[in-house]
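Note that chain A is present in both complexes that follow, paired respectively with chain B and with chain C.
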Partner chain A sequence: MTREEVLSEIQSRFGDVILDFFDKSAKRVYIELQPRALVPVARHLFAELGARFHIASGMDSRTHLEVLYHFSVEALNLLVSLRVKLDKNDPRVDSLASTIKAAAWIEREMHELLGIQFSGNQDLRRLLLSEEWPAGVYPLRRDYREWDPGAVRDRGV
Partner chain B sequence: MSVTMRALLKSPWVFHLSTGSCNNCDIEVLDCLTPRYDIERFGMRLAASIRHADVLLVTGSCNRKSMIRVKRIYEEQVPKPCVVVAIGECAMSRGMFIHSYNCPQPLDRIIPVNVYIPGCPPKPEAIIAGVVKLINKVKASL
Partner chain C sequence: MPKSVISIGPYHPLQEEPEHFQLTVEGEKVVDIEVSVGYNHRGIEKLSERRSFDQATFVIERICGICSTSHPFAYTQAVEDIIPVEVPERAKYIRTIIAEGERIHSHLLWFGLAGHFLGYNTVYMWMWRLREEILDVMEILSGNRQNYAMFKPGGVRRDIKPEDIPLAIKKIDSILPTVDRLKKAILDDPVLHARLKGIGTLTKEEAIAYCALGPTSRASGVARDVRKDAPYGAYDRLDWNMIVTANGDVWDKAVVRLLELYESIKIMKHCLLNLPGGEIDLNLKSIPPGEGIGAHEAPRGETFHYVRSDGTNRPARHKVRAPTFMNLPTLKATVPGSSIADAAIILAAIDPCYCCTERMAVRSADGRKLYSGEELLRLSREKTSRIQKELGKR
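Showing the complex of A and B:
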């Protein structure tokens, strides 16, 4: 399949759940989805097109918590990023871990650093933060404030 | 000077402890061991185990997880007397990570530090000069 055929198939199959289709360059496409449609679109890319799942990235933008799932279709030299925007008060999205096993740990990391809930991921234990880190404090959020009274933030000179 | 201290200063065995560095300082420490700089001229050897070490070369900005390990290593595992050398900006003041949520304290609040070698990373010459100064300082204090 050519690049145009792949992209037009995605648009025709999932047109009703695609919020924004940004064809950035010959190598890069961003597709913004409704959160409920993430799993079917990811499954289409991963299982049917044979795309490679690279990584997901979470981000706290001014209005939303965003998660981007990066796939590459190697035969076409094309990077496809699926973007979902989540409500800051209840950031919740379906887990990809049952569809793509490699997504389980990056979901764990986004869960502990950004506080995003991945429904369906059974293993959202802490991955990187230390044991004494308080629950419910997410260091990569914009509203993160220092919680540790023992922290030293000057260079002592 | 006691026999122990004389032996220790003649051939201080160094242990290289990375507490979460970017590996740049670690590469410079390894450079010191290459034939070009060759710190074995000063009797220094890289110890394979921390239990054989006389000098701790610490690189990197301690994070919440490595803090407790550094403390435990210094208090329980290193044979005393032991001197601690902080190598690089991160080990001194945490450098650019000073406001990081994961780096709450500088190294010298966790364990006592004898010598600071600034730089990002310090040159091998600076590391050698620092350790030689340290040896002279310990000699003079005896």
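Showing the complex of A and C:
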């Protein structure tokens, strides 16, 4: 399959759930999806096209919590990033861990650092933060405030 | 048979990611493994958001002590992908030279440790002696043995002087005969064959399911290498081979690394001899709003960086994914079923900078200590010498 065939197939199959299709460059495509469509589109990329799952990256973009799932179709040198924007008051998206084993750890990480709920992931134990870290405090959120009075403050630039 | 839990770890400051392995064992056999990380979580992604694009390069260079260049390499490409812009040809070659030198010394370090685990301390001494030569080359080229600080968004920070190149090449050539001798010694050793073949096998299907990276995936027959799949730097301008083997056991992982040494030496020499002239830096002034992705094939597999810019001089988000993050979960597929004596080398086979033997402790389920760290190492070495004796009798 060529690059055009892969992309037009995604557009025709999932056209009704694609909110934005950004063909940035020959090697990079960003597709914004309705959150409910994440698992079917990811499964299409991973299982049918044989794409490799790189990682997911979550961020607090002030209005939403945004998660990008990065996939590579290695034969085409094409990196497809699926973007979902989640409601800040109830950030919730279906888990990819049962479809893609490799997504299990990063969901645990985003759960503790950004407070995103992954429906269907039974193992959302802490991955990086220590046990002493208070519940409900998410360090990568914009409204994060230092909670530990003994912490050394990073002054930045 | 009663089950007990063996605890390995949790912490060693030399490790890239201090890990805690809990092996559930029945007698000598491992039936399950639980991997815990995060003992040295430094919040570098958060730190990076409070540095300028240029300063962040220095912070992330300190993520890993062994492959210190792999993170700046991926990060600078991610920043350049935001604009997007291509760096000058000479900078691409210099970046490639530094990255390959790092791969050579990182693989040599792994071989040394693997030898040490197996009771082959001669291999350990030889490999680390060779590694010093490569670190000398890096010092000639960059001024530093580690943390070269050569990278910056838009190019490289320092040039390689033409008068330094002959000495660097002479040093690289001087290690080749020793690498050859080591290759012969390792590949012809019947004890190592008996010790490493068929243990810790990661099948091709498992490697794809876990999205394994680097030598861990290539040893399982998954031809996956960012340098070939999505060429960057000078990798598409030269002739080199991706090393792929089929069996996925510890032996194959070692063979992949051994043969990659030759490719890296070839690439490094070619780049030094054919270094193009011209600028080394684009002198980027500001980064526009947008997002970019950069990936680099580090010695342990692909390093992946995602950077978002909001138009200020600092990244709005900087996601770092090290290769070990993807390779560690594969232990769930490779360790259960093996014996305790093999566990140390299987855990080390994905190359998680695993040198924490002195921190190992073996505990039973009720917390009573059964073995010390030295004892676990002794078990591994005893198995080697047992095989040596058996083969000697024949």
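Criterion: the second predicted complex is superposed on the first by the 151 of 157 C-alpha atoms of A that agree within 3 Å, B and C clash if a C-alpha of one lies under 4 Å from a C-alpha of the other, contacts with A are read in each partner's own complex, and residues count from 1 in each chain.
Just so we're on the same page, contacts are C-beta pairs under 8 Å (C-beta built on N, C-alpha and C of every residue); 3 or more make two chains touch, one makes a residue touch a chain.
Predicted model only: the values in this text are computed from it and were never measured.
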Partner chain(s) touched by A:D148 [first = chain B, second = chain C, both, neither] = first
Is it chain B or chain C that touches the larger share of residues in chain A?
-> C
Using the superposition on chain A described above, determine whether A:I55 touches chain B (first), chain C (second), both, or neither.
-> second
Taking the superposition as given, does A:A135 touch the first partner, chain B, the second, chain C, both, or neither?
-> neither
Which positions of chain A sit in both the chain B and the chain C interface?
-> 129-130, 139, 154, 156
In the complex, the residues of chain B that touch chain A are 63-65, 93, 98-99, 101-102, 104-106, 109
So in the complex, which bits of chain A are touching chain C?
-> 25, 27-28, 30, 52-55, 57, 59, 68, 70, 72, 74, 77, 79, 81, 100-102, 104-106, 126-130, 139-140, 154, 156-157
Within the complex, which stretch of chain C touches chain A?
-> 37-38, 41, 43, 45-47, 50-52, 55, 81, 84, 208-211, 224, 229-231, 291, 293, 295, 302, 304, 306, 308, 314, 316-317, 319, 321, 325-326, 328-329
Would you tell me which residues of chain A are touching chain B in their complex?
-> 129-130, 132-133, 139, 144, 146, 148, 150-156
